[in-house]
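Presented sequentially are two complexes of subunit A, the first with subunit B as partner and the second with subunit C.
Presenting the complex of A and B:
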C-alpha cells in the first residue's frame, strides 16, 4: 500500500456560530497518492473549492473546519500559521480559476515569480530570475526571458494560467491543488492546460487534486475520481470504473450529461431539480428528493468508505432495484 | 496578446498636450467673470461716490475701452510673459507680489499634504488589516471626527489651546526662513496641522477601503497561497493596488488643500497667496483677483497632471 501524499479525514466545515452555524461540508474523506491525479467533481455549491481552501488553510475567517488533513505526517488543520506558511507555495501549490484575476495586475509576472521563488529559497535576485525563466520554460511559455517584463493584462487567459502554474510550482511542490483551472478558458486552451498538468505530474511526480464540474474533462485526465454532492462525497472510483459503471444515481445522472459528439442533435437528459442549499440538506441521503430510485430507507444515514478504491454512498446501489431503475432512467432520457 | 505598454514619457507628453486647452479655457472663464461684474470693474473698484471722470480715467487705464478680444489677448500675452499688470488699489506689481507669496502657500500645502499622507496611509492600512475589530473601529471613529470638523473651527481651537494656553507655537504670523528656519517651521506647525486634519481623515478612509478591496481580491489570495509573508502581501502586493484609486483622491485633496490654505492663512495670518486673495476681494481689486485665480488654475492643472503621471507609474494598464 502506497502512503498517500494527502489524506483528508472526516473533514467538516461550517459557518461560525455568529454567522448562523450552517454546515457547508460534512464528513469528507479521501486520499491522494504520490504522483496521482485525483479528480473532485461536483456542481457549484457542492463544497469542492472549500475542500481545497481548507487544505491550504485559506478559508475565510467565518468558516471553521474540523477533522484532519494529513500531509507529510502533520495535520494541516492544527499546524501553527508560521509552519503552514512554509508549506504553502513550497510543498503544496494551488492554482485558481480566473487566472487573469489571480495574478496581481500591477506587478510584472517576473516580479511575481521572483517573489514566489524567494519566499522559499535563499536565492539572489539574479538567480531567482534565472529560476523564473526555467519555470516559464517548463510550463511552455515561449521566449521566457523576454516575458518576465510583461504584465498580466498583456497575456491571454491560457498564458496567465501557465504563469500561475509556474508560480504554484516555484517552491518545488509535491502536491498541486487545481481549483477549476480551465473553467474560464476556451476549449482548445483548456486542452493545452490539461495536457500541461498531466505532463508536469508525470515528469515531476507531482500529485494533483483536480477540481472541476466537468466530468468529461476529469475522466480524461484523472486516475481516480470522487463525486461531491451537497457537501459530501457520494462516490469514489477509478476513472474507468466510475464512467463505465457509475453506482450512485447522481453519478449516473452526471455521466448521462457528458456530451457525446458522435450523437449530434441528441439532447441528453439532465438531473431533475436543483441541488439543495447548504443548511437545507435532507436527512439521510441528500440526493433523495431528486432521485429516481428513492424508496423507504433512503431517509436513513448513508455511509461511504471513500478512502478505498471503489465506494458509494447509496444503500440501494448495486442492488437489483438500483441497477434496474438506472437502466430505466437511461432508456427514458436517451 | 494585448497592446504593448507605452513608456511613462509617452503618457507625460500626451497629458501635457491636453493641459494647454484646459488652461486656455480657464483664462477665458476668468476674463469673462471680470467682464460680467455688474456696473463694470472700474465703477465697483472706485465705489459709488466716485465721479464719472475718475471712472473714465480708471477705465482708460485698465484698458476697458478697447474691444474685448484685444483686451483678452493683451492680458493673455502679458500673462504668458509673466506680467500680470498692476493692482488697481495700491499700484503694486502683481507678478512680483505673487512670486513673493506663492512659495509660502505651496510650502504650507505641501507640508499639510505630507502630514496627511504620513498620518492617513499607515492608519488606513492598519484599519484594513484589523478589519472589524477594535483598532478598525477606533481609527474609523477618529477619522469620522476629522471629516466632520470644519477647518476654521479646528484652527480656532488649535490657536486657543496650543498657542494661547500652552504657548507651544506662535498664534499668528510666519517669519521668513532667512530669520531662522526653526522659527519658520515652528510657526507653520499649527496652520499645516489644521489644514492636514480633514485631508488625513479622508486619506484614512480611502486607504482603508482601497486596502479592503485589494485584500479580498483573487490576487491577494494567490499571494497567500504562494506562502508570501504577511508584510510583503500587505505593504507590497495589496498596497500598490490600493494606491491607484488613492492617487486620484490625493490629487483632489491637494487641490482642496491649496484652496483650504486660503482660509487657514487668514486665521493664522500667514502672508501667502490666500491672504492676498482675501484682501484683494475685500478691496475689489479685480486685476489682482483675476491674477490669483489664473495662478490657482495653473496650479490645479499641474496637480492633475501629476496625478495622471502617478496613475501611469502605478497602474501599467493605464499606459496605453
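Presenting the complex of A and C:
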C-alpha cells in the first residue's frame, strides 16, 4: 500500500484547562493519498476547519491538540516551530473561504506572489516574477504577465481565489488544504474553481483536503469523503458508496438535503433539531437526539474504524432499522 | 373562489391570475459623485400571482437584491412602476406609497445582524407594532403567538439572539415579518446562511406559512435547491435584464436561455449524468457600468453570432415561458 501524504491519527482538540477544557474534536483519523482529493463534509461547529488548522498548526493558543498528524514522515504536532514554518506555504498550501480578504489590498498581485515565491526559494526578483507568471498561467488567469500589476480590487472573487491557489502552490505544495474555497462564490465560478482543483490534482499529483458543507459539491469533486458531526467523523467512504448507500442516519439526512433539480415543488425536509454546540455534546452517539432510528443502546459510546475505505459510527447501521432508514432515504432521493 | 363569490365569466378568468405584485419597466441607476452612473436594473417587468412564489435567480451583480430593495422601498427607483394590490409604490417619498409598503416585509440573509443583540426575542418580534402602544402583556401575548407559528415556543421569549442557534434566529426574523401582517414577503437569501440540515427545515416552515398566513413570496436566492423546492415561477436575471421567465418546472426543469442553462447545470447534484462533463460557462459577469452591447450575455455565450452583439433581444413567448434570445429555436436543437 502506498504511504499516504497526510495521515491524521486520533486527533483530539480541546480548550485549555483555564478556558474550561471543553472538547472540540475527538478521535479524528483519516488519510489522504498522493493525487487524491479527500472531502471533509459537515455543518458549522462540526470541527472541519479546526482539523485543517490543526494540521497547519495554526490553532489559537487556547486550544490544545493531542494525537498525530503525519506528513512526510514527521509528526506536525510535535515539529519545532522553525521547521513548521518551512512547511507552511511550501510543501503544504492552504486556501481559505474569503479570497478577497486573504489578499493585501495595498499590494499588487505580482508583489504578493513574488514575496510568497521568494519566501521559499532563493530566486532573484526577475526569476520570481517569471515563476509568478507561470503560476498564474497554471491557475488559468489570462494574460498573466499583464495581470501582475493588478491590485486585488481589480479582480473578481473567482480570480482572487485563483490567485490564492497560485500562492498556495508557490512553494511546490504536495498537499493543499482547501477550506470552503468556493463558498462565497457564484455557482458558475464555483464550478470553474472546482475544475481547476481537479486539474491541478491530476496533473501535478497534489493531494487535496477539500472542506465543505456542500455534499453535492464534494460528491462532484472528491474521491473519498469523510462526514463530520459534532467533533467526530461519523462515516467514511468513496464518493459513490457514500452517496448511493449512506449508512449513518446523519449522512442519509445530508444526502436528502442535496438539491434535486428534477423535482420541482417537492419539499424535501431537513434534519429536525439543531446541531449541538461544540463542547456540549450528548453522551454516546452525538447524533442520537436528532436521529429517527435512535434506540436503547445509542447512549453507549459509538466507535468507527475511519482509516479504512468504508466505515460508519453507528451500531444500528446495517441492522433492520438502519437499512429501513436507508431505504426511506433512497426512496426520497431517487 | 368562485364558490364564495359568484362572478361573471370574464371576472373569473381574471381571478385565476390574480396579480399581487406587478413590476413594470423597473430601472434602477446608482449615481456616485465620481463614478459613472451604474444601471443596475434595466427595464425589468414581472408580476407575482397572489399565493405563489417567484424566484429571482442570477449571479452576484445581476441586480437581484437591487430589485428587492426597490420593492421594499429601501433603494432608489429611476423609472418604472411597482404596484402592490394595485397601489403604486414607486413614487418617491409619497405617503400613500409608505402606507402601501406595510404590505411588504423583507427577511435578510444574516439573522444575527438583523436582530438587536440587546433585545430579548419577544421585543424584536413585536417591533412592527410598536407604534400601536400596546400594553406589555398584550405585546408578549402577540410574541408568544407568533413564536408558535414559526415552530418556536414561549420558552424562547426572553432569550437574547446570541442564546439561539442560527436557524432559530432566522425563525425569529420570520416571526417579526409576519407580525406586520404583510401580503408579500421578500426572502433575500433568507436560508442561504443556514446549515444544510436546518435550511430545508426552514423551507418547510416557509411553505406551511404561505398557506396558513396567506402569503406571497419573492424568493431571491443563489441556492438552486431552495428555488426548486419553493418556487412556482422563476425569473433569471443577467446584468440587470431579465433573460428568462416562466413556471419553475420549465425554467429549472428545462431551461431555454443559454445563460439559464449554464447557471442551472453548474449546480452540483447527485443525479447520475449531471455530475460529470456538464458544459461550462467561461468568463465572468460583466461590469454593469459598461454593459456589453446587444445581448448583455453575448461575450460569454457559446452560441453568440454577430446579431447578438448588435441587437438587444426581447422576452418572447417560448414553450410556456419567455426567453430573451435571438437563437432560441436553433439552440433548442442542441442537447445540453
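Going forward, the second predicted complex is superposed on the first by the 324 of 334 C-alpha atoms of A that agree within 3 Å, B and C clash if a C-alpha of one lies under 4 Å from a C-alpha of the other, contacts with A are read in each partner's own complex, and residues count from 1 in each chain.
Keep this in mind: a contact is a pair of C-beta atoms (placed from the backbone, for glycine too) under 8 Å apart; a residue touches a chain by one contact, two chains touch by 3 or more.
Here the structure is a predicted model, which means the values were calculated and not measured.
Asker: Based on the shared subunit A superposition, would you classify subunit B and subunit C as clashing or fitting together?
Answerer: After superposition on subunit A, which the two structures share, subunit B sits beside subunit C with no clash.
Asker: Residues of subunit A touched by subunit B versus by subunit C: which partner has the larger set?
Answerer: Greater contact footprint in residues on subunit A: C.
Asker: Between subunit B (first) and subunit C (second), which, if any, makes contact with A:190: first, second, both or neither?
Answerer: second
Asker: Is A:156 touching anything from subunit B or subunit C once the two structures are fitted on A? First, second, both or neither.
Answerer: Touch partners of A:156: subunit B and subunit C.
Asker: Kindly classify A:122 by the partners it touches after superposition: subunit B alone (first), subunit C alone (second), both, or neither?
Answerer: Neither: A:122 stays clear of subunit B and subunit C.
Asker: Tell me the contact category for A:243 with respect to subunit B and subunit C: first, second, both or neither.
Answerer: second
Asker: Looking at A:164, would you say it contacts subunit B, subunit C, both, or neither? Reply first, second, both or neither.
Answerer: The answer is first: A:164 touches subunit B but not subunit C.
Asker: Report for A:102: first if it touches subunit B alone, second if subunit C alone, otherwise both or neither.
Answerer: In the superposed model, A:102 contacts subunit B only, not subunit C.
Asker: On the overlay, how many Å separate the closest CA atoms of subunit B and subunit C?
Answerer: Nearest C-alpha pair, subunit B versus subunit C: 7 Å apart.
Asker: What residues on subunit A does subunit C touch that subunit B touches too?
Answerer: In subunit A, residues 156, 159 are touched by subunit B and also by subunit C.
Asker: Once bound in the complex, which stretches of subunit B touch subunit A?
Answerer: 1-2, 4-5, 217-219, 221-229, 232, 236-237, 240-241, 244, 314-317
Asker: Subunit C touches which residues of subunit A in the complex?
Answerer: That would be residues 43-44, 156, 158-159, 186-192, 195, 213-217, 219-220, 243, 253-272, 274-275, 333 of subunit A.
Asker: Given the complex with subunit B, which residues does subunit A contribute to the contact?
Answerer: By the definition above, subunit A touches subunit B via 56, 58, 85-90, 93-94, 96, 98, 101-107, 115-116, 119-120, 151, 153-156, 159, 164, 167-168, 170-171.
Asker: Where on subunit C is subunit A touching in the complex?
Answerer: Where subunit C meets subunit A, its residues are 59-60, 165-168, 195-204, 207, 222-225, 228-232, 248-249, 252-253, 262-264, 266-271, 275-276, 278, 280-281, 284-285.
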